[in-house]
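Have a look at these structures, which come just after this line.
Look at the two complexes coming up: subunit A is in both, with subunit B in one and subunit C in the other.
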Partner chain A sequence: MISSTAIAHLKEKLGDANVLHEKEDLLTLGYDSTPGVHHLPEVVVYPTSSEQVVAAMEIAEREGLPLTPRGSGTGLSGGSVPVKGGMVLCLTRMNRILEIDEENLTATAEAGVITLDLFNAVAAKGLFYPPDPGSQKISTLGGNVAENAGGLRGLKYGVTRDYVMALKGVLADRSLIATGGKSVKDVAGYGFKDLLVGSEGTLGIITEITVKLIPPPQDKRTILAYFDDVRTAGEAVSRIIAAKIIPSTMEIMDRAVINCVEDYVKIGLPRQMAALLLIEVDGHPAPVAEEAAGVRKILEEVKAAEIHVARDAEHAAGLAAARRTALSALARVSPTTLLEDATVPRSRLAETFGEIERLREKYQLKVGTFGHAGDGNLHPTVLCDERDHDEMARAHAFYNELYEQVLAWGGTVSGEHGIGLAKKEYLARQIGPGGVQVMKRIKQTFDPQGLLNPGKIFDEGDPCTKAHVEEGFRVSH
Partner chain B sequence: MSHTEPLGNFKSEDAPHYDDVLQCMRCGFCLPTCPTYALTGRERSSPRGRVALARAVAEKKLEFTPAIKEEAFFCLDCRACTSACPSGVRAGEVMEVCRSQAHAFYPLGKMGKAFREFILQKMVPSPDLLETSMLPTRLYQRLGIQWLVRHLKVLKLGPEWMEKAEGMLPRLEKPLRPQLPLLTPARGEKRGKVGFFLGCVMTLMYPNVSRNTVRVLSHQGFEVVTPRETKCCGAPHLSEGDRETARQLALFNLDLFLAQDVDYIVTDCAGCGAALKEYEELLEERAEHDRLARFRSKIRDVSEFLMEVGLRTEGLQEITASVTYHEPCHLCHAQGISAQPRRIIRQIPGVELREMAEASWCCGSAATWGLKYAEDSRKVLDRKLENVKASGAEILVTANPGCQLQLAWGVREASLPQDVLHLMELLGRALPPD
Partner chain C sequence: MISSTAIAHLKEKLGDANVLHEKEDLLTLGYDSTPGVHHLPEVVVYPTSSEQVVAAMEIAEREGLPLTPRGSGTGLSGGSVPVKGGMVLCLTRMNRILEIDEENLTATAEAGVITLDLFNAVAAKGLFYPPDPGSQKISTLGGNVAENAGGLRGLKYGVTRDYVMALKGVLADRSLIATGGKSVKDVAGYGFKDLLVGSEGTLGIITEITVKLIPPPQDKRTILAYFDDVRTAGEAVSRIIAAKIIPSTMEIMDRAVINCVEDYVKIGLPRQMAALLLIEVDGHPAPVAEEAAGVRKILEEVKAAEIHVARDAEHAAGLAAARRTALSALARVSPTTLLEDATVPRSRLAETFGEIERLREKYQLKVGTFGHAGDGNLHPTVLCDERDHDEMARAHAFYNELYEQVLAWGGTVSGEHGIGLAKKEYLARQIGPGGVQVMKRIKQTFDPQGLLNPGKIFDEGDPCTKAHVEEGFRVSH
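Entry: the complex of A and B
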């Protein structure tokens, strides 16, 4: 139990309004968007400056409280769930955009800035910040960096890591660090900054981020294609890539997802179709026209059931927005939406759909699949009910077998959601014991006391930190 | 949403359904749409957080604590989260149910209970009493005391809400209810017969709005039946957590309007419209299913109705003005009516519609919320007024009396130049003189 003097001390350093410890607050800051995991912290703090982060860290250290950083809690691997209780450090009140440097094409912002707010602020100056996680309206830049978030434009533009130029933050020993800078080229020493990106809050608390900006594409075409068979959609994706066309976006939704999304957005998506592909090509007008024609030709060759071109920018934006709601819309079908983040080399895409279909039949589950088809990153989602233990066990077996195949094909267990709690055992399978050992040694160097976000990425043998699927989805407190 | 089985730590009557809270997968799509989350930045004041609290009570992980009561009432019930939720969670309605739970868990003291019961169970359900109660206020305005009070600022001494309530009052005319004919004939080629559901705030505060609504309907070729017995729709009761009185009122209005020989039941109050459309759920176990379905199928907001039957624009006179439109929460979020009012505005000759940013962001009125949380309400309103100002429009149009009271007050306080009108007042101006 956290002592009352520690609470008083925190309030003194951070201000009364920035320290919460009532049960109702603890209850609502012990989850993120990952189903089935919910743990109560003992105290929640909202620092408003790096100095306050240092102060909170000092008190956590003195009290022996594990410290779990978080933003808006949109994570899908349990990265910000305080499995060991302790202190939750919520960065949403550090939400200032500090600078948009038009000479160097960079933007600097505090960790709690909402991703879309940054996108809009730089767009207002005629610049473009490409990473766009599905939750961009809600998620924070700090969370994106900590989880190395991907998104709908990952195919052509890459993920968050590809845009981070500099980071400031606080390490476990309370030192303030700054790594990277505005220089486009920088090979001085170890890639320390890159290590922090995607570290899921286990190596340090990121407080300030400088990102690279690029000029926005001058032109854009959005194409929507429907298919009678989901594997044909997968084949279309592989052939588009093989034809050396790199769309900015190539998103897929299968029938279950189309129907749930349509229930919500009501924009007339055809419910009977087996799959749809949402393809966007962007860039200079001439190549855009050429690429759009190329995409169309391939879609015709593989015999897509219908091919449409978005009427205008508004229509295209509506389609992309609809796609962003896919996961949440699936929750209409069942109370528990168990989503995974399987990613395969793109040539394997059609086969992956076949495998998902086979396993769905084998384990008798409801599955909706959507994802970033263009980068091979799929989100097969089992629609189940956490109260049904038999169903949960089948879901676990489904993913177990699917990941086995994905790894055999040279894929990865996480394309963009991170490992957190949900995928620890799969990570170990992917990188082997040696790989896990190296990661643990890095962690040891940064955080010898194991204070920062303990229980994440790799297993420490504590049953409550095992992959939640193995836990049979008990909600533990 | 009513429930008779005990659910976790909830009281058995009017508890939320477990499925309704379990459906939230905590994606956070609701967060940027929630005015109270924007105010506090505190998860428990967000829809996701509130549903998590309800779930914790349902799962016996938490008692129904005073903090939950506080959150239930701090929620504006604006339903913006419902619009934003891809999973179909209705956090606002879960909180509405929690308000009645709050009264079961924390009963008021003797005086408070008597006062609440008098207001909710005696005064509001009785149109006569309600009208009589406004008499002193009208006298107060006529005798010039209002001028004195406003200028000498004597209310600065009283609680803030009282000062605001006083400041919000428009100049009151005689209530409209006794004045409206039971049957207003259709003009021109007759297109049908509609029942008009006259709201309490409309008859008392904005008689001119509803007078225009009836004129519009009549000019559009509809015979208008206005039952004088109409009682309050029950929305204030739901908002205050008195579901039982709300049900009694709903049953009364259901019987009254089903007895009329009308094709549609039209209202010009977004709050009433939302409540009437939800009778189906409120009365789930109290009335026959097909009667509820028949009643539900007839309810239309006036803008929804006019766009459905098609607005006759011949004979409309030109109004040269720029207009911006504030979407009432109970129209856009609770009823999903967003395009229709704009289409009406665009069809009025001479009118230019200038969209404001965040048109569907709440104005901070929310029934009595704006009085109970006067300071927070002001902050929500200020965000709205900034957007109104930036639109540069001459007229600010809305479609709900609560919004109109709040916006008219805000515009006056901020010395903005806009006229604040109900959509039917604007359309009424375009009608040829009677």
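Entry: the complex of A and C
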């Protein structure tokens, strides 16, 4: 239990309004967007500067409180749930955009800036920040960096990691760090910045980020195709890439998702279709026109049931917005929504859909699948009720068997959601016990006492011993 | 001194032809392409499989031999010079291209494959591997990954790191590792792959690499501009980027380099000009035509002295090849060529040229500067004679003062050559003693006995102590 002296200290350092400790205030900070995981913190702090981050960390350490950093809590792997209680350090009030450097094509912002706010601010200067996680209206840039967030435009433009040029932050020992800069090339020392990206708040607290910007695409075409069966949609994706067309977006929804989305937004999606592909090509108008024609030709060749080209930008935006509602639309249907993040090499996409269908039948579950088809990144979502223990066991078995196949195909258990709490057991299966030991070595190097975001990525205890090393310590894939 | 038993063991494990230990054989393996650094190893091994890498490492450890991995030795920071003697492990005989996966747009190759061979092999399948370090005809892919090599196309296409999807290798404790895969998104665990990229052979030996490929540009235009003064060339670079044109290449040479290159290749470069910009725009023919016109307009606006558009692909290739000879051309002129790798945020380019000129005057040196102007990545090269101690002291003072300014502008002491031996003292100035301690913590985590490439990046001894941590342990930029 946090002492009243500590609360007083925190209030003194951070200001009364930036320290919450009443139970009713704490309730909502015990969640992120992952179903079925909740844990009350003892105190929540909202630092407004890196000095306040350090001050809060000092008090947390003195009080023996584990510390869980978070942004808006849009994470889907439980990474910001304070499973060990203690202090939640919420960065949403460090939300200033510090600079947009038009000469060097960079933007610098505090960790709590909303992703879409940054996108809009740079767009106002005629520049483009491509990473667009599904939650971009709510998610923070710091959270995006900590999770190495993906998004809908990843196929052509890459993910958050590809845009991080510099980071400032605080390590577990409260040292302030700054790594990277505005030089577009920098090989001075190890890629420490690259280690922090995707470290899920377990190696340090990121407070400030400099991202790379690019010139925006001048033109965009949106094409919507419906299919009588999912495998054909998968084949279309493979053929488009094989034709050397790299769309900015290539999103897929299966019948269950089409129906949930249509129930939710009522834009006239055809409920009987087995799958939908939403494809955007962007760039200079000339290649965009050619690529759109190329995509259309391939969709015709594979015999897509219907092919529609968005009439105008508004229509296109409506379709993209409908896709972004997929998770919310699914979440309305059943008490519990289990969302996974299986990612396979692109060539395995059609087979993965086949496997999902086979397992859905086998385990008699309601499953809707959507995702970033161009990246091989699927979100097979089980719609269930956590009070039904038999159903939950079947859902668990479904994912277990699916991941086994995904890993056999050289895929990954997480394309963009991170490991957090939800995927710890799957991580070990992917990278092996040796791989987990490599990760633990890194964790122990930077946070030997396990203060930062404890209980995430891998379990405590079972430290890296000499015996482990001698046993083989193999990371296999 | 290595024992004859150890030599016999090595020959047994690797084959007679893959173990060199006679002095005349060892001589050439004591160099890389960095002037003034040479050290004889005791033995050189050429493993042909990762099992042989492990076997050689085991014998090295048993014999107490430090181990320096290397590829072709084109490095420019002394990173593959065996300064502590011992064993050189040369990966040039692990040189198979294992797979070109046209569906997933990846290529997998052993570490010893020549960069240009990989480029050509994927080009034959209609695909494109963009990273093109100056030494691509000789350098190995493994060396490129270990150094995170840049190149001429970095401005638009990025550097080696941006293309590495998966790595296999051996850590200091001889555990085999595999990290990453063919999935284009993967956030399962820490970015260990990203830590290995650019670790200069100090954290592990990379044996196999999977890289991302992209569709090749369909068209290219090459423009050559001459300037009466270097600052105008710098201004042209800034204005081109500000106009949201991202050329694939934007290379600069000053008068000294123009003259050396002309002496060497005799293609009619105008010797009286202060600077030359070689600009390539590539992609779809329509934007390429527009971008070429946009570049030309800006060159006219800043009053470039002459503007030439390459007549055809052959002419363009000739110009690019001439640029690639810059280092060789300079190296012919004086007994010693000191090449540096200062990189600044692009907006500081013109000022950096001003500073180089000021310092050249101040220290009365012969300096030629060329580099990747679009990246702010310059190679100010002092042409001198290492037997002239006074001149060498002035050269040292020149670089010292230049780097001071480069760091004050938020630049880096190495854009693409790495720290190796040559820049250890500069690294500490850039990232601070705290930053060096962060790097050392990582090194100690993976190579506690300092077996791999000792003496590189930072000096041994001076370990990371609790006192250091408590002192502040700040990484500042």
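Odds and ends about this structure:
The working rule: the second predicted complex is superposed on the first by the 460 of 477 C-alpha atoms of A that agree within 3 Å, B and C clash if a C-alpha of one lies under 4 Å from a C-alpha of the other, contacts with A are read in each partner's own complex, and residues count from 1 in each chain.
By our rule, contacts are C-beta pairs under 8 Å (C-beta built on N, C-alpha and C of every residue); 3 or more make two chains touch, one makes a residue touch a chain.
Since the structure is predicted, the reported quantities are computational estimates derived from the model, not experimental observations.
In the superposition on chain A, A:V187 makes contact with subunit C only, while subunit B stays out of contact range.
When both complexes are overlaid on chain A, the residue A:A331 reaches subunit B alone and has no touch with subunit C. Residue contacts after overlaying the shared chain place A:S33 against subunit B, while subunit C stays out of touching range. For subunit A, the partner touching the most residues, choosing from subunit B and subunit C, is C. Once chain A of one complex is fitted onto chain A of the other, the partner contacts of A:I246 are limited to subunit C, with no touch recorded for subunit B.
Residue contacts after overlaying the shared chain place A:G415 against subunit C, while subunit B stays out of touching range. In the superposed model, A:I214 lies in contact with subunit C only, and not with subunit B.
Contacts of A:H21 after superposition on the shared chain: neither subunit B nor subunit C is touched. After overlaying the two complexes on the shared chain, residue contacts for A:V197 are found with subunit C alone; subunit B is out of touch. When the two complexes are laid over each other on chain A, subunit A has residues 475, 477 in contact with both subunit B and subunit C. Partner subunit B is touched in their complex by these residues of subunit A: 20, 22-25, 27-29, 31-33, 35, 46, 72-74, 92-93, 114, 135, 137-139, 260-261, 263-264, 325-332, 335-337, 475, 477.
Against subunit A, the residues of subunit C that register as touching in their complex are 101-106, 126, 147-148, 150, 154-155, 159, 161-162, 166, 171, 173, 175-192, 194-195, 197-199, 203, 214-215, 238, 241-242, 244-246, 283-287, 290, 343-347, 372, 375-377, 410-419, 423, 426-427, 430-431, 434-436, 438-439, 441-442, 444-446, 457, 469, 472-477.
Of all the residues in subunit B, the ones that touch subunit A in their complex are 19, 22-29, 31-32, 41-44, 46, 48-49, 52-53, 56, 59, 61-62, 65, 67-68, 71, 85-89.
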